[in-house]
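What follows is a short report on a single structure.
So that you can tell them apart, the chains are marked A, B, C, D and E in the order they are listed, and the count of residues begins at 1 in each.
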Amino acid sequence: QAGEDIVIGGSIPMTGVFAFAGVGINAGIADYVKIVNDGGGIKGRKLRYVPEDTGYKVDVSVAAFKKITSQNKVNLYYGDSTAFSRTINPELERTGNILMTGASFATELNDPVKYPNQFLVGPDYTEMFGILLRHIAKEKPGAKVAFVYSDSEFGRDPIDTSEALAKKLGLSVPVKIMTAPGSVDVSTEVIKLRRAAPDYTIFHGYILAPIPEFITQGKQMGMTSKWMGTFWTMDSSTVMKMGEAGDGFMGVMPYRYYYDTSAKAPMLDKIRQLHPDYQSTAYIQGFLAAMLFTEAAKRTLDAGKELNGKNFKAALNSIKDFDTGGLIGVPITIKGNSIPVGRVYKADMKAQKMVAASDWIAL
Amino acid sequence: MSQPIETEPQDGPVSATPLLRIDGLTLAFRGVRALSDVSFDVVPGSITAVIGPNGAGKTSLFNTVSGFYRPNSGQVYFKGQDITRLPTPQRAKMGLGRSFQNIALFRGMTVLDNIKLGRHAHLKSNVLDALFYMGRARREEAALRADIEERIIDFLEIDHIRHAPVSALSYGLQKRVEMARALAMQPEILMLDEPVAGMNREETEDMARFILDVREEWGITVLMVEHDMGMVMDLSDHVVVLNFGQVIAQGTPAMVQSDPEVIRAYLGSGDVGDLRRKLQAGAIAEGVV
Amino acid sequence: MTQPGTDHVLEVNNIEVIYNKVVQALRGLSLVVPRGQIVALLGSNGAGKSTTLKAISGLLALEDGELKSGSISFNGQSTARLAPQQLVRQGLSHVMEGRRIFEDLTVEENLVTASYALTGRGGVKPDFDLVYSYFPRLHERCKGLAGYLSGGEQQMLAIGRALLAQPQLILLDEPSLGLSPKLVEDIFTIIARINAERGVSMLLVEQNATLALAVAHSGYIMENGKIVIDGSAERLAGDPDVREFYLGVGGSGEARSFRDIKHYKRRKRWLS
Amino acid sequence: MRIGTLKETYIADAALFDSRTQQTWLVLGAALLLLFPFMASDYWLYLACLVSINVASATGLNILTGYTGLVSLGQAAFMGLGAYTVAILEIRVGSPFLLNLLAGGFVAMAGGLVVGIPSLRVKGLYLAIATIAASFIAHFLFANTAFTGRTAGLTLPPASLFGVVLDTSFRLYWIIVPVTLLMLLGAANLFRTRVGRAFIAIRDRDISAEVLGIALLRYKLLSFGLSSFYAGVAGGLWAYFFRVVTPESFPLSMSIFFLAAIIVGGMGSILGGILGAIFMTMVPELLKLAVGLLPGGSELTVFLSPVRTVVFGLLIIGFLVFEPHGLAEVWRRIRRFFHLWPFRN
Amino acid sequence: MDWAYLFEISLTGIASGGLYALAALAFVMVYKATRVVNIAIGEMLMVGAYLFFTFAVTFALPIWLAIPAAVLGAGLLGAVIERTMIRPLLGEPPISVFMVTVGLASVLVGLVEIIWTADQRRLPDFLPNTPVMVGDAFLAPKVFYGALIAVVLIAVVLLVFRFWRGGVALRATASDPAAAYSMGINVPRVFSLAWVVSAMLAAVSGIIVGSIGGISSSMGVFGLSVLVVVIVGGLDSVLGALVGGLLIGLVEALAGTYLGGEYKLLVTFIVLVIVLMIQPYGLFGTHEIERL
């Protein structure tokens, strides 16, 4: 009863195309908030989580934000998309009360000058590509890497910068293929990809479709490429849906999977205690977001500063070698807006699991 | 049908230049020749009728004069000016007013608005005037309203329906509104396409009276297409007969009516008598058609 | 009614019709069509003639109209439960106002559509030659698009379609509308022939009263949704009001000229 | 019928609000609009501004589709043109706020004129699909030129007027609502004159309209131009309101939203456009409210978005099937019921 | 110029166009009989695919049973749609009915999300998976067999229209329902029939398309390309659906390959605009007769 509640607002895509993630995110945040409150809150102040469903639509998200902020004194906020993060940014700057993170790993958001009141719970998309490319460069120097990405902001985000990085790492990019997002016929694109005969193909900007079709048709045509993806493709359940085609599919993941027991991870143990069944990587993302929110709030309160966006952010940036309870395999330090750490995992269809294919790579 | 009526052949008003001159008009649609080399004059102040079998090209002729169809060759002169290539809307502005065979009223508007629309080409206000509705637009609308209410609506005796949507009117009233709209166009020549089709004798008489009055009181020249021979023969000063797109006869009603060619192609025996009785008596052989 | 006791192919009893739930178009109208006869239905614009035909053939619903009360029976059987197409198949054809031919079908295809009326009549074959024998002109244009036919030809096609359905009763709505005098004569001659030769009964709505009474056996005159006079064709043709308002015959018994129309009118007696 | 005014001139008869009843309602409405910002929370102000922008755009579409009968699925794209124009002017030129809005309107208008050119030849739903093409081409340009910031779009600083920075819903309200009201007044005026009548004539039967002296191409283009001008200004307001303009901000579904709004409100009725836009903007919010009030509402939120999608569709279908003249007709019926209230004698 | 590559791409493009043609055929069926521009065609296709998913995966029926079950289910849906939203609008202006299908699209998407959630899913493979080689050119087996099914179905429909008088009844109904009634045509039956057959065709198309690209609640965007196809081909022409489908398939493939993915839709829409400017009623569409 030492003070007002600390409020986490949330524009959460609990329905719509992003629902598979939103549901997990929501549960992750809610669970962590409960853990904190059960432990007495933050310096005696309770955390309160106020989510609204957005259906992954920007206008609905903005309306939700307006509604939540006009009915609560919100300190922390979770947003659902890049477009939302960008749209709401002027408002964040104007009021200055809120620190925000969200489901977007857009490179653009990883800019403390343009987005002083926001941060990412992991590497941005360019950094994800960086991790993959570094892994490739190590595994097969001079390899040919194809980029296949969707015609959306999400898809286009890391492509140009990553092409440059590939060159720098001694890799070549023989082809970049842009397709419409979602369930589309990609037969001609597969032909184009086969012509380029890449050693690795990185998919970005998709959830599932049309990746399996690319792989199936590519294999039918005798392609020998290895196939890779980025965070939103990499949830275990998503990859498993690829079926046969997904065997050996690799990708970058900043967190440990729910079932990863290879190292000591007390927080994962706790999650497994709470939920005996599999929790998605989106859940872990939400969980971790709430953890970092809490840490920022705690440090701000500790410093006796006013609870506002600027101070939260400063507190966050003061984090050095922070232990996430094993959710991320290495201690983290948040210098700017992102946490540029990750690891390459690989699908093992027989075990129906993702298994580590590299060590943790920090940029 | 109706017997020839003894009226003195009207002396067409004497005037050197015709108001409307059709000169060698030819119009074809993918092989079908709707008009071929049609020529005739419409004298100012006259009532001229165009008659002819169905598909003879009467409506096509009207459409060509008012600009909806472009002729393949030939000219149309109106008030001495060649209007063959003139854009359709400008012809309306010059004083060509018309009604349509298949009623072409705007079903989403009231009677009054339909009539107002006829004046469109003569009004001046532009979009900006309209958006702000001050000055010109306001004055113009008020004047228009006064003119239409006091002259046209009164004249055609449709004041009781002026705020009704046209879609709720019976056929005869719709025809009358069509005429009102054509009058609102301030025409010098009024082209009526089958003004009394689908009307019974009584309603036809009303319409005939309006047509006569338009000519007499307003001095408007009338060009009409009509299949009601009784009315055509009684009202017109000059009759043009079309068949297969060609003029097969023209002249006073009496002359046309006795032309054997016209009788054969268009008028028929004019003697239906008691069809049923005749049929029973076996007077009509199979295959007369 | 005319000749009570005869066999009536159609009986209409005291019907009321409302459009769009507000406009009352018919107010208690009754009429009969004796088998094998032509009955004329006359009346001024908006009297409700077309509405009557639509009520009989069941097409009212398509125009937001509703039969509020009264009964209609065709061949002694109530039509209330029959869908429009079922009525047609049982031998009641409606030639609608304004011809309503299918413009983007050819003449022949238009006739083919009419053959649906023969569905369920135990193998009766459509007789195209019969139609072409009445209307040789249609035969010449049989491959052409119906939309490009002249008005008269379209009317022929409309009647031809009805004929193909081998009906017992044809409802004809203003067959002379917009036709040249010669074609009107032709059409009416054919109407009379079809009736005489094939025994088809007809209910004929027509503005040209002279002609209508020339082919009809009997007639009705309606005004404002009600029948105001009825009788044999001869009787109607002799009625002074009918003569004045429908036939255009002046008081002297001479045909009136349109030039001599007065600006005031005498009231119709049946309106008082 | 009406009391309180004896109309002596045709001018008075043609006035927009001619009875005392209507004038009273007008004053009440104005007072409400004036007081609203001082009573409402930020959330409601946000909605009010959004509604107002949508009303402006829907009214524009109503001119084109409801009155002129040209179905367009490009309204969102025209809004985008307006929004991008405003954003670019604000960022690169820094010209005054109201000027930018006008410029946004005119640029969108130019776009509308280009899209309108085929309307003379291409008719009906073929035209509607052609407008989809136009909106995709616009989207492509937005997403692929450096000038418009590609997929990332543009972020613009807040507008300022007489030194006041318009960065809150409260402040923007005082611009957005009056601009919308002005546009509404213009639209209402339009249909008292020859221009508006010509539009309706084209809708009802364009070929005979031409013979009556209406230059078809000119008026079809005019309608496209006006409609997209409205969209452009609305888009400009949108840009100032959200301050981020991206290619995804104006999707095809937004064009469909506006069509739905005028259908639900009532095509070819100014009031219809207003009511429709208000209603359709508020439906998702009201739905959320309703679900919140329901027992066990929190579980239902899982279905909220699809339910919203279903309700959106059902509203369109329901209105078309059961009330084709839309909310405007419902409103007229209510008014007929109360008739002259509160001046019943 | 790499001709072999061009050939391979064109071949695949044309084959994919076959899938457009099938969906376009479903669209044309409805338009021909009821003059309804069914913008929800993509969503109907999606529902067909989801029904197949349900029968084949959730109920684990064998494929040969799941396909007919899904197609019949879709037919039922078509009947329901026709009965509840299309027939009541008989005689209303085309815009109204068009907008009803806009609403329908939204309802179907919402229902799919409620029933199956918005997650992407994969359909079981049932088409042969050995690659088809045309000379040296590779053709994805699913695309090839899908196109084959499409072409066969279109041929069947063309034959039916050619030799069955029902085709005339369909067109008559479209042109004037009231007059069709008075010809003895069972108009409601024609309406239902058209919608049922269309929904079934859409389902077949949806099953094939879904088995290639996977299914999701946003699968309806496929309908956008179909719309382009039918406009280019002419709304009421079966042949137009075929030609338009193949043409658009080819154009998309070429644009995607030589210009880049972002140009696919752009180029097809430009083709659409050009076709409309030259032929306002599409390549094979019926011109409306306009007379005064």
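Just so it is clear, a residue touches a chain if its C-beta (ideal position, glycine included) is under 8 Å from a C-beta of that chain, and two chains touch if they have at least 3 such contacts.
If you're wondering where the values come from, they're calculated on a predicted model, not measured in any experiment.
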- [ ] Identify the chains in contact with chain B as well as chain E, in label order.
- [x] C, D
- [ ] Count how many hops through touching chains it takes, at the least, to reach chain D starting from chain C.
- [x] 2
Task: chain E and chain A - chains in contact with each - done: D
TODO: Taking CA centroids for every chain, report which one is farthest away from chain C.
DONE: A
- [ ] Considering only mean CA positions as chain centres, point out the chain farthest from chain E.
- [x] B
Open item on the list: Of the pairs A-D and B-D, which shows more C-beta pairs in contact?
Closed with: B-D
Task: Centroid distance [mean C-alpha coordinates] between chain E and chain C, Å - done: 44
Open item on the list: Just the number, please: Cα centre separation of chain B and chain C in whole Å.
Closed with: 28
Open item on the list: Can you compute the centre-to-centre distance for chain D and chain E, using the mean CA position of each chain? Integer Å is fine.
Closed with: 33
Open item on the list: Multi-chain contacts only, two chains or more: what residues does chain C have there?
Closed with: 148
Task: Residues of chain E engaged with two or more neighbouring chains - done: 113, 118, 262, 265, 291-292
Open item on the list: Where in chain A do residues touch two or more of the other chains?
Closed with: 15-16, 19
TODO: Can you identify all of the chain pairs that touch?
DONE: A-D, A-E, B-C, B-D, B-E, C-E, D-E
Task: Touching residues (chain side chain E, partner chain B) in the complex - done: 291-292
Task: Complex contact set, residues of chain B against chain E - done: 59, 63, 68, 100-102, 104
Task: Contact footprint of chain A on chain E as seen in their complex - done: 5, 8-9, 12-13, 15-16, 19, 113, 117-122, 129-131, 138-141, 143, 209-210, 212-219, 221-222, 252-253, 256-257, 260-262, 264-265
TODO: Using the touch rule from the top, collect the residues of chain B that touch chain C in their complex.
DONE: 1-3, 5, 7, 29, 32, 51-56, 101, 168-173, 194, 197-205, 208-209, 212, 227, 229-231, 234-235, 265-270, 272-276, 279-280, 284, 286, 288-289
Task: Residue numbers on chain B that touch chain D, as the complex places them - done: 63, 66-68, 87-93, 98, 100, 104, 106-109, 113, 116-123, 125-127, 129-133, 137-138, 140-142, 145-146, 149, 181, 185
